[in-house]
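Note that subunit A is present in both complexes that follow, paired respectively with subunit B and with subunit C.
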Partner chain A sequence: MRLSNMTRWLLALAALVPLGALAGTYDLVIDRQPITIDGKAKTAMTINGGIPGPTLRFKEGEEVTLNVTNRLDVDTSIHWHGLLLPYTQDGVPGISFPGIKPGETFTYRFPIKQTGTYWYHSHSGFQEQEGVYGPIVIEPANREPFKFDREYVVMLSDWSAETGERIFSNLKGQSDYYNYNQQTVGSFIKDAKDKGFSATLKDRLAWGGMRMMPTDITDVSGYSFLVNGKSTDDNWTGLFRPGERVRLRFVNGSAMSYFDIRIPGLKMTVVQADGNNVQPVSVDEFRIAVAETYDVIVQPKEDRAYSILAESIDRSGFARGTLAPREGLAGEIPELRERPLLTMSDMSMASMGGMDHGSMGHGDMAGMDHSRMQGMDHSNMAGMDHSQMAGMDHSNMAGMDHSQMSAAVPNNDYAPGSGLVPSAANGGRFLVYGDLKAMTPYADYREPDREIELRLTGNMERYFWSINGLKYSEAEPIRLTQGERVRIKFINDTMMSHPMHLHGMWMQLDKGNGQFNPLKHVVNVAPNTTLTVDVPVDALGEWAFHCHLMYHMASGMFRKVIVEPPAVQSAAR
Partner chain B sequence: MTFIKHSVLALCLSTGSTLVFANETHNSGQGGAEPNIGQAGIAAKAARTVEVTLKDNYFDTEAVTVKAGETIHFVLKNEGALLHEFNIGTSHMHEGHQTEMLKMMQHGMMTMTGMNQDMAGMDHGSMPDMDGMAHNDPNSVLINPGETKELTWTFSGDAELEFACNMPGHYQAGMVGEFKHDA
Partner chain C sequence: MTVRMNYRAPARIALTLLVFGFSSIATAAETDDAIMTRFLLDRFEMRNQDGGEEVLFWEGQINVRTDYQGLAFKTSGERPEGGPTESAEYQLLYQRLISDFFDAQFGIRYDNQPGPSRTYAVAGVQGLAPYFFEVDANLFLSDEGDTSVRLEAEYDLLLTQRLILQPAAELNVAFSDDEAIGVGSGLSSAELGMRLRYELTRKFAPYLGVQWERKFGNTADYARDEGEDIESTAFVLGISAWF
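For the complex of A and B:
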């Protein structure tokens, strides 16, 4: 068995040799320089003098050599996000290599074995927040399973005048430092008038017991959101001729920000997610988690400007770019939509600890939007006091407008009744994870050999984030065996979304599409939900596995994964 | 299953009469404004045969040149793993047909990989708004993965036509080609 695998591998390698002629060398220099964006000046960290760094264009089958020079006064690193490569080239200090010392150049070498849109960024300190990130585009050896006339990278990021270290220490000191929208004494009095004093008090105590606030959609605010390094005012523009198909390669290179993306007037046909081809699906809007990528095709037919709008999910701002038939045009920028509030559904029972739910009275459930209740799993609610629900009026559910069901797949990406469920600004179709179906069925699709349960845990007020209650520094590595198929079950016990990123291997996102489950390098796990992925364990070595929210990762929501050869083989040695 | 039936019914009721489904030859699209696209032809009388290979998700042919009055016998080979369509029509007609195809998917009459034979035989004509959903228009044919099908068409020369696959998302991703006029 082992031998035949090895033979196959050698044959595959031999087959690659004729292509081996393709080789490229790329030089990246990381330095510090003063940058002002949106009136916010700081000494940023740049790659080759810019933010973002240059777009690296590789070709499938190419042998790449990347010389990364450190001109900072601190260690640095570059991680090739989503690329399949030998683990020593993965660029995570302390796991794949020691990092790059000031004044040194590290040379990465690896073959390009995949196609699509990816990105690269520092995996040291908070350098990603400071500007050390850039896009990667890999052209396939053969044609794409779709057609376009031109293409643009649209890299989104969040820019702060503060350093990453300052932001982190603010969060550590006072976790709601950036929650400008937290409920005040004034809103308490208003709520008390609307809901009654006792209900309001209990409501506030409930949220306090979880050390969360309903406005805790994101941890950090005060960001400017950028498209390819340009602020809304600087208006990054991509040109088109009316009628052309334009491929947009969206990359969310933010440290902390998720976006809802739309282009008013255009349907977007999603053709790739995290670099992998998916069966094309046309939507009006989609949400991009931190570190995900989505490729869409649009066909602007009119001779006018179209706004590319990436609205942060806490509705604090837009990253805005423009598609236009010529330079100097700008489309409209609409009002920001209302900031969502977390609901009780976004709390997991675990996160509530010893709270007495009987006392909650559910007074605020009356105001909940029950139109989304279809398919709700009430099984968790066993111990709850439903007596107050008697007066609820479900009668108008009969008249529900099913014509809005154009999204064939219901949105089960969020907890039923969650305040975070997105809807398209134009009332149309909003992409859900279940819509993502791999273009080609996975040949070795089967039941997993075993399951690993990972509880995403944390404490917002003390600002530490962990897995199974343990920080990285306290935890043992996760040990996997090459060749096995492992199901990872993420259970999010926190009230925040966590974009979980596995280095070096794909996660097959399980939304019930079987062989067509898409391959991803980042999956978003929404508050109080469970998400499963299957990992075909096919890359020996030591890999990082973490929440891609920078300050969650820094505070400990991180694991080392060690992939070992099967035991039989090591016994034979 | 009950849920599916339920939602099919609900969908039929709620869409009411606002959606216009194309009739046999799609000539009476919205407002009856569609041009004369030609008609089904007889294979034996075709001037020539054009082979088109369908893949995931594109045609191997970008364009086919036709003359007014010419009859072409198309041999359509699906070499992909997904269900595809070869449909002759204007871009506006394709747009309308995409709505129908999406509904057929939602009703379970077909999946991304093939027709559901159980449901394909159902008499959808008797259900409100389900006319035209049996996918039997002469200007189009569905081809299962690995299958080869044929279609013969006589071109009028009066319309700007495209050949397209209207499976959800496929047209938008670029599975469309152009009929060029040869004067």
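For the complex of A and C:
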């Protein structure tokens, strides 16, 4: 054990020694300036005058120097999301460093030890919501394991006319402040017609008894969704020559929004997730959680415009861009699909157990089953309505529905019967976590040394979020020892999805692919599900570990992780 | 759920009450335990009563608190057109989260009304009951040694996303007579209201509605002796707001 640790140390040291004289210096200036996007004006925060900030292109093995200047009147910081670096360069105020004071320039220096698509953003206050984010692309020292003729970064984000502080205070004042899709008398009457009065009443009573809303899909609405800082109307466009292979580097730089991404008319071959190459998998659509990245390769063959559609999971809008053979073209924008509803499957027993009264009798559950079925039927039907099914008659539709239902691989990223299970708009293949298999097997794959259980918890009504029932300000740090392999078992006791992000080290997502389990920096934990990841603990220092939904992080779903060297006593023993 | 007490909080809340503002927030550790201030003007309305009399009625509260605990100042009262103020009630309460949906509250209530004023000790709960009923239930012990209970509940029925019908009820029960302020033991009074509001924004909604009130038992007798009505129905027109 001691020997292998020493070997690992030596290897780590060797990796730190720059092989060439490759070194780059980059200057970033964070400032406040008036910006109008999609008709929504505000004094936003920019990096080098733009939203998003410039794409930082690094090369594997490069020694980078990044001078970050703060022209704001408040502290700022830049965190290099997904990058493996000394913890003092990680950019989290209060953990890695004190932050960057107004007027000051902080110089980050670290070696680039990885390749792929990443991003950077402020880790101070709500500055990320205000515009302080940008993409990172790291080219490999050797050649890429897949071919493409050109590439584009597609950075998705959510833009609000309100400040982050205002949004946070609105949520604290009224947790359903942004939910303008609540169930009403009108929807009761409609559902009663469709499903029967007593089933509908049972459904409403079951949710009311818990004081929860099935319409609670996202916490914040009113966003404009952007592609590389451009609204749907501004239509970001990437050019191609028909037949070329185009690599799209998707980054979800949103504060709060998940997207389902598709390019009607094109299959997307997923080749990378969170910066790590995966075995190519061809899909029609995939969901990107907040702060994840996915690289896909597409091959548009026709001389026409293709819409890149990132539909928010609450179906409130698209982030839309276009792939086109020349400037000035736009593809079609389809109608938004039906807004999903949560089902009782998305409610954990823990949150139900938390009810004051056991209002969930068997009768109620039966009622819920019913509504869940309706919900599934509905989403499938809607999906087909909007694609090629329009002209087909009823019998074909029924047949299609049936085959789709039976052929579909169960999506175990969600609780069985969850209302959040996505399906591809064209009825095709939708990426699931289990599809992500590392390109190369992980060398040090082994049983974890120990397991840490983290329950994702929160108070929906008062809007604060926590881990194991404790907010960051109340909790002790999580202590790990360098060299150990720790299994983290996330148990989501809430009815919201949480994109959990560990700084400084990988999480090896356990979806049953063994040593091909992919390395990720963000994993989405769906409502009422358990997800396990194995963390190879290989980076000394203090790191942040949190839900990447901005207002969940700010209200307490956050931990400090301290990685210590193996204790002297245990080595002597 | 375990609720953890932060013993520094009361001092900081007091400080915030003095300074009355937010400081700039930098890290998650600071934001997740921040003190928040919220003004709620639940009802600010003109009541047009049966006799044609116009009465201004208000009910509001200010909360200065963290997620777990803090202070609430509540006031309500009414003033007929041209004055003087007929009744006014003020409460200063310490609130503490005791479950996911409820705060326990303790403090004092001071009533300034025609006739002698009263000071009460208050103990109760405020929060969201199952099926989305907003509840405020309190026990009062007056400086005269009289005990009473008040139960308030309201429910939001969404006709549309912005048009909301709100039935509300209030019951007052006294356990002894306090003739000087016109309250007799037993069920002393009940109020039922129905308000239809339109949320122009989440934070500002004009409304109209009806308010019915009745006194019962000894309380009704005291009112009759004073030549007052024991029952009234009023059309109301008002606004509710928070920020």
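One rule holds in what follows: the second predicted complex is superposed on the first by the 467 of 573 C-alpha atoms of A that agree within 3 Å, B and C clash if a C-alpha of one lies under 4 Å from a C-alpha of the other, contacts with A are read in each partner's own complex, and residues count from 1 in each chain.
The rule we apply is simple: a residue touches a chain if its C-beta (ideal position, glycine included) is under 8 Å from a C-beta of that chain, and two chains touch if they have at least 3 such contacts.
Note that the structure is predicted; figures quoted are calculated from it, not measured.
Once chain A of one complex is fitted onto chain A of the other, the partner contacts of A:Phe97 are absent, as it touches neither subunit B nor subunit C. Applying the stated contact rule after C-alpha superposition, one finds that A:Gln299 touches subunit B and leaves subunit C untouched. Residue contacts after overlaying the shared chain place A:Tyr26 against neither subunit B nor subunit C. In the superposed model, A:Lys147 makes contact with subunit B only, not with subunit C. Of the two partner chains placed around the shared chain by superposition, subunit C is the only one that A:Asp75 touches, whereas subunit B remains out of contact.
In the superposition on chain A, contact of A:Val281 is made with subunit B only, not with subunit C. Touched residues of subunit A were counted for both subunit B and subunit C, and C has more of them.
Annotation: subunit A has no residue touching subunit B in one complex and subunit C in the other. Against subunit C, the residues of subunit A that register as touching in their complex are 74-75, 93-94, 99, 124-125, 165, 168-170, 172-174, 177, 180-186, 205, 208-211, 354-357, 359, 459-462, 464, 469-474, 546, 553-556, 558. Chain contact summary for the complex, subunit A toward subunit B: residues 143, 145-148, 245, 267, 269, 271, 279-282, 297, 299, 400-403, 405-406, 408, 437, 439-441, 516.
Subunit B meets subunit A in the complex at residues 7, 10-11, 13-15, 55-58, 81-82, 102, 105-106, 112, 168-170, 172-175. Contact residues on subunit C toward subunit A in their complex (touch as defined above): 1-2, 4, 6, 22, 24-33, 36, 38, 67, 97, 99-101, 128-132, 157-162, 202, 242.
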